[in-house]
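In the two assemblies presented below, chain A is common to both, partnered first by chain B and then by chain C.
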Partner chain A sequence: MNKKKKIEFSAYAFLIPAGIIYLSVIIAPVFYSLYISLFKWNGIGDMQFTGLGNYVKLFTDDKIFAIAIKNNLIWIALTIIVTMSVSLALAVLLNNQFRGRTFFRGFFYFPCVIAPIAVAIIWRWIYNPNVGFINQFFKTIGIDYAQSWISDPKVSLFAIFAASLWQAVGQPMILFLAGLQSVSVDVLEAATIDGAGSVKKFLYVTVPLMKETFIIVIATLIVSAMKVFDVVQGLTAGGPANSTQMLSTYMYSQTFQYNNVGTGTAVACVMVLMMMLVIVPYVSFTAKEN
Partner chain B sequence: MMKSKKLVALVLATAMLAATALTGCGGSSEKDRSEDSANGNGNAVELSFWTLSTRQNAVEPIVEEFNSQNEDIEITVSYYDTDGMKDACKVAASSDTLPSMWFNWGGSLGGFYAENGLTYDLTDYAAENDWSNKFSAGALNLCTLSDQLAGYPTSYNVLDVYYRQDIFEQNGIAVPATFEEFESACVVLKEKGITPISTAGLNGWHVMRFVELLIEHYAGAELHDKLNTFEESWTNEAVVKAFEKYQEFCEKGYFPEGFITADPNDTRMATVSGTAAMDIQGQWYDGQILQDGADISQFSTFAFPSGGTDRLSAFAEMVQFNKNLSDEELAAGMKFLDFYYSDENVAQYAEYYNLPLPKTGAAMPEGQPNVEMMLETSNENGTFTITDQALPTEVADVLFSAQDALANGQMTPEEAAQSIQDAIEAYLNK
Partner chain C sequence: MEGKQKKIIKKLVLYFALAVLALIWVVPMFTLVATAMKSRQDFMSGISLFQFPESIAWSNFINALTKGRLFDYMRNDLIVTCLKVPLGIFVGSLASFALTRLNIRYSTGIFIFFLIGMMLPMQAALVPINVIFSKLKLLNTYFGLFYVYVGFGISYAILILRGFMKGIPKDIDEAAWVDGCNKWQLFWHIIFPISKPAVATLLITDFLATWNEYLLASVIINDNTKKTVPVGLMTFVGEHGTDYGYLCAGVLISVIPVLIVYLVFQRHFVEGMAGAVKS
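Moving on, here comes the complex of A and B:
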């Protein structure tokens, strides 16, 4: 009866193609980038070894890099607080039975399928201080308020985030919706019988039962917040005066505009490290709890 | 039965592995393609060409016609916007995937490819094919980078102040002959609710066109040239004064609201609609006005009254060739460009070319009245190299950031000047 499980080597053979692809397009480039980040290189000529010089320079003598890190951290915080809350609220609303529910699910998910660069173009016109929708709307309803939105360094990052939010809520909303539907009706009924109101049921029954969904949503939101690029590049290109510079936009300009490939890849490595520092402990901690 | 299953599984796995490996071999550089072509592996000489999307309406039918007329040559085109072109070429350069030929600008932008040995040096080809009699000396000179003839000259552009004649007349404004008169004109326009200057700061280079004129005004020709060649420090008084004036113009609202992050491709909307009176543009603007269906007679130009000879900024455009092209491919590319820039095509799609062509004795375009006037002005007044081609990209970008910071009051003019000088020193010490 105690039959020893046989190792199916042929099954492992099926993993080889995927393994090769993964190694060649993910693992190898990551290590190659790490290697390049130790050099001064313009992408074409000879590479000059500088050790950790690119990293030291970034952290000690690069004001734009500091702005980019700060902006990425703000973006992560906004994403976790605002994007997650809005998408959860929408999911809860759209989980109820009402006429037109399918339409509204599609309606709120729809921006998610638009390319981020197109979102940037759409919102550039919405934010246009002269003919844009927002300022014109205020004018039409008699409110004497005009804002230059993305041109004002005090609000530009938040204005870009708002544009991004419009597109970003769709994906987590769908995940939350799936999570909500996986919550057992029996458990909710039991809580109702025990006298729990809607809020208590949501906080003490639904949310704990959706723990896996939250892990996935938070992890993917952090990753997407760290690598945000298109919408920023399209709306402000990191301006005005670098006030909306992100690690990704800075990496791009260093690598492909200034030909400082070593510096650019060092920025990329910092991005990866930052993501790992947040994601790995978070996921391993939550996995341990399970 | 079990054995045969295992065998099938192993065969399938091997097939997948082989497919993966073979798929990975699909990419090839221009050098590989060139060798393939030279070995006679293709029926036609295949050339890839990257150019600006603003010219697509002309490029598409011309390429189609060329390909149909020349069965032995196949041109494939990709289109990019202004900044997309700069980025795509840089990416391709670092991955050895540059196309057979690509549009580029002169100065530091095209110079990068020549410096790094990525472009075909056309010096010998030019000598053999009598280019000194074919192209204007000025254009050939601007396409000579790092002691190489780095491209096929396609245009020689000068920038002037385009203005709405009707708006000036309605408001009793004469064409300014001095900087003080220019400022007075801005005052009047602003009072009348018209934005004096249409500009847009996304990517920085459009606003730079005004800032460099202010530098020319305060620095004068000699010092301005020395600033661009780093012979003089950018922290000098003239640059600071230019930045002070630019900041003053921003504060007075002489540019459109929120111009810092506006798209430079949209500045024409304001001048065509009449909400702005002036726009600093090159002679290609006539063609764009015609494309918009606007009334070209409403627009005229004047040289910015910077003082001295009122020099205009200028730059060249070219098509660069991949260094790996074979003689046969180079000849095919030249044949295509000669066809693209033939008199017939230029006449048919005039508004999609930056005219006149930089050829000896090139005709002035019909229906584009400002072109000839601007070129005459540039000959009389002289020119200086436009700043984003005179400076390396990373220094120019610091200037662009300084423009934003000055406009938003985040920097003083002194700090802005210092930031540019710091960037120059960092670049020189790289």
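Moving on, here comes the complex of A and C:
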């Protein structure tokens, strides 16, 4: 009995290093952020307590914050509709038996391993209005169409999304491939015998059987859409005229450019709260599966 | 006969779709290479992106490495990455070992607690980290950056390693206890080596994530001699925003280490990712 108690205690020692680092880098700072967000502060001088003042200002009197929220929501919608369809289509294509299948899988996944900042810089050049790839390509094939892409507030958000799509598709594609492979061949064969065509088979057999994969993909896509930063920062940094401002870039510029640390931190806390709306149902789902 | 024809048509459609997608996919890499080999003069003379320059501008690459300090950036990034990856995996596997093999109360609860970190935006911790690090004089140090990286990597490490370790049969533990192993020996000589596939996956994804990280590095490091590659590339953009040949040469060089790691470990990648999901 005594021995068992001793074993229990030393078991927790294995958790200590991870626990200390995790608490000191993430959990404690997040709470500290919550605290800072209640103050008006420029990062150096005295902190002035304003209670929920920063939040009230954000939600009632801050046009850029409203744009950022709207852009994040648009981005979430775009990822779920476009990124998910493209990656699912690719996964279905690459799930066929054909020569070079492994090569193509590696090929389409490759952009995922490049630094998002590098991706942004490459696409800056592709979108360059004078000598960039797209406008040059139109010129070369004789189409008289030029667009200023990321410097046009009307299209810049979508241009950034297209750039990020190149990189964002790989991860969900791999998840879908894994999901497709877990669908048993017997069930599909049974459906064929029952006279189902390939489209019907896909919609009524494969998709329902991949429910879990879809949940994982949608959850990870929403989380990454809420967090999106590098590619926006690298392409436009929120411009032109704040038209591509995201919560993440707005937080960054408020805090580190304009020294409105209180406001910036409040934006970060809003991000956390919005994230919780996704995390809580997701975690309870995973916990139930376990 | 008709079935065979249908099969061939299906194959053709498949290859056609893949070829079109592959062409679109290759555009950024093409642009990068085509730009990196052109000099400033080439662009001034109005050469099209699709034309080959008279001579490849090797000076772009040399300038990027030396004048652009890319060589320093890569060294810094390598130091931080090589510190972070092994330590992060070690700490993560210790915790996963405890969560899966030892009698710990609320182990699912603790696991979920660790998982939350993966979903929180880094922005939520940015200001406090900055404030505390400046007090502790940890800004602009490798240690400061790598410590934060370990913290932000723990959730994912535990997710992957716990998933794998859970699948290792408990009989192995029983046998080890009977043979007189203590907990550390069970971990270090038995469970950790068995977890090699998960560790391999983590090694690669961690290497890439750390090598490519921008946000934290941009806040913690602003000394030019200590910057990592992504922050360095953004400095490039600031300093030589219009000199695109030079800029693209820099980006191209920065992609090469990643490309090598990817090509060598590609198989692990796709399989490991899929495996991580299933667990």
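Basically, the second predicted complex is superposed on the first by the 264 of 290 C-alpha atoms of A that agree within 3 Å, B and C clash if a C-alpha of one lies under 4 Å from a C-alpha of the other, contacts with A are read in each partner's own complex, and residues count from 1 in each chain.
By definition in this document, a residue touches a chain if its C-beta (ideal position, glycine included) is under 8 Å from a C-beta of that chain, and two chains touch if they have at least 3 such contacts.
In this text, all values refer to a predicted model and were calculated from it rather than measured experimentally.
> Which term applies to chain B and chain C once both are placed on chain A by superposition, clash or fit?
Aligned through their shared chain, the two binders clash on chain A.
> Can A:192 be said to touch chain B (first), chain C (second), both, or neither?
In the superposition, A:192 contacts neither chain B nor chain C.
> Which one hits more chain A residues, chain B or chain C?
C
> Quick check on the superposed pair: does A:29 touch chain B, chain C, both, or neither? Answer first, second, both or neither.
A:29: touches chain C, not chain B.
> Is A:236 touching anything from chain B or chain C once the two structures are fitted on A? First, second, both or neither.
So A:236 only meets chain B here.
> Kindly classify A:116 by the partners it touches after superposition: chain B alone (first), chain C alone (second), both, or neither?
second
> Does the superposition put A:226 against chain B (first), chain C (second), both, or neither?
The answer is second: A:226 touches chain C but not chain B.
> Have a look at where A:95 lands relative to chain B and chain C in the superposition and call it first, second, both or neither.
neither
> Taking the superposition as given, does A:258 touch the first partner, chain B, the second, chain C, both, or neither?
A:258 sits against chain B, while chain C stays out of touch.
> Is A:108 touching anything from chain B or chain C once the two structures are fitted on A? First, second, both or neither.
So A:108 only meets chain C here.
> Superposing the two structures on chain A, identify the stretch of chain C from 22-30, 76-84, 238-246 or 256-264 that clashes with chain B.
238-246
> Just which bits of chain A does chain B share with chain C as contact spots?
10-11, 14, 17, 21, 24, 124, 128, 255-256, 261
> Give every residue of chain A touching chain B within the complex, in rising order.
10-11, 13-14, 16-17, 20-21, 24, 40, 42-45, 124, 127-130, 146, 148-153, 156, 235-237, 239-243, 253, 255-261
> Residue numbers of chain B touching chain A in their complex, please.
6, 9-10, 12-14, 16-17, 19-21, 24, 86-87, 90-91, 93-94, 112, 116, 118, 201-204, 256-263, 275, 393-394, 397, 400-402, 404-405, 407-408, 410-411, 430
> So in the complex, which bits of chain C are touching chain A?
11, 14-15, 17-18, 21-22, 25, 27-28, 30-32, 35, 43, 48-50, 91-92, 94-95, 97-99, 102-104, 108, 110, 112, 114-117, 119-129, 131-132, 147-148, 150-152, 154-155, 158, 183, 187, 208, 211-212, 214-215, 219, 229-230, 233-234, 236-237, 244, 247-248, 251, 254-255, 258-259, 261-262, 266, 269-270, 273-275, 277-278
> Of all residues in chain A, which touch chain C in the complex?
Listed in rising order, the residues of chain A that touch chain C are 7-8, 10-12, 14-15, 17-19, 21-22, 24-30, 32-33, 36, 90, 93, 96, 98, 104-111, 113-119, 121-126, 128, 131-133, 136-137, 139-140, 166, 171, 174-175, 177-179, 181-182, 213, 216, 223, 226-227, 229-230, 233-234, 247-248, 251-252, 255-256, 261, 264-265, 267-269, 271-272, 275, 278-279, 283, 286-287, 290.
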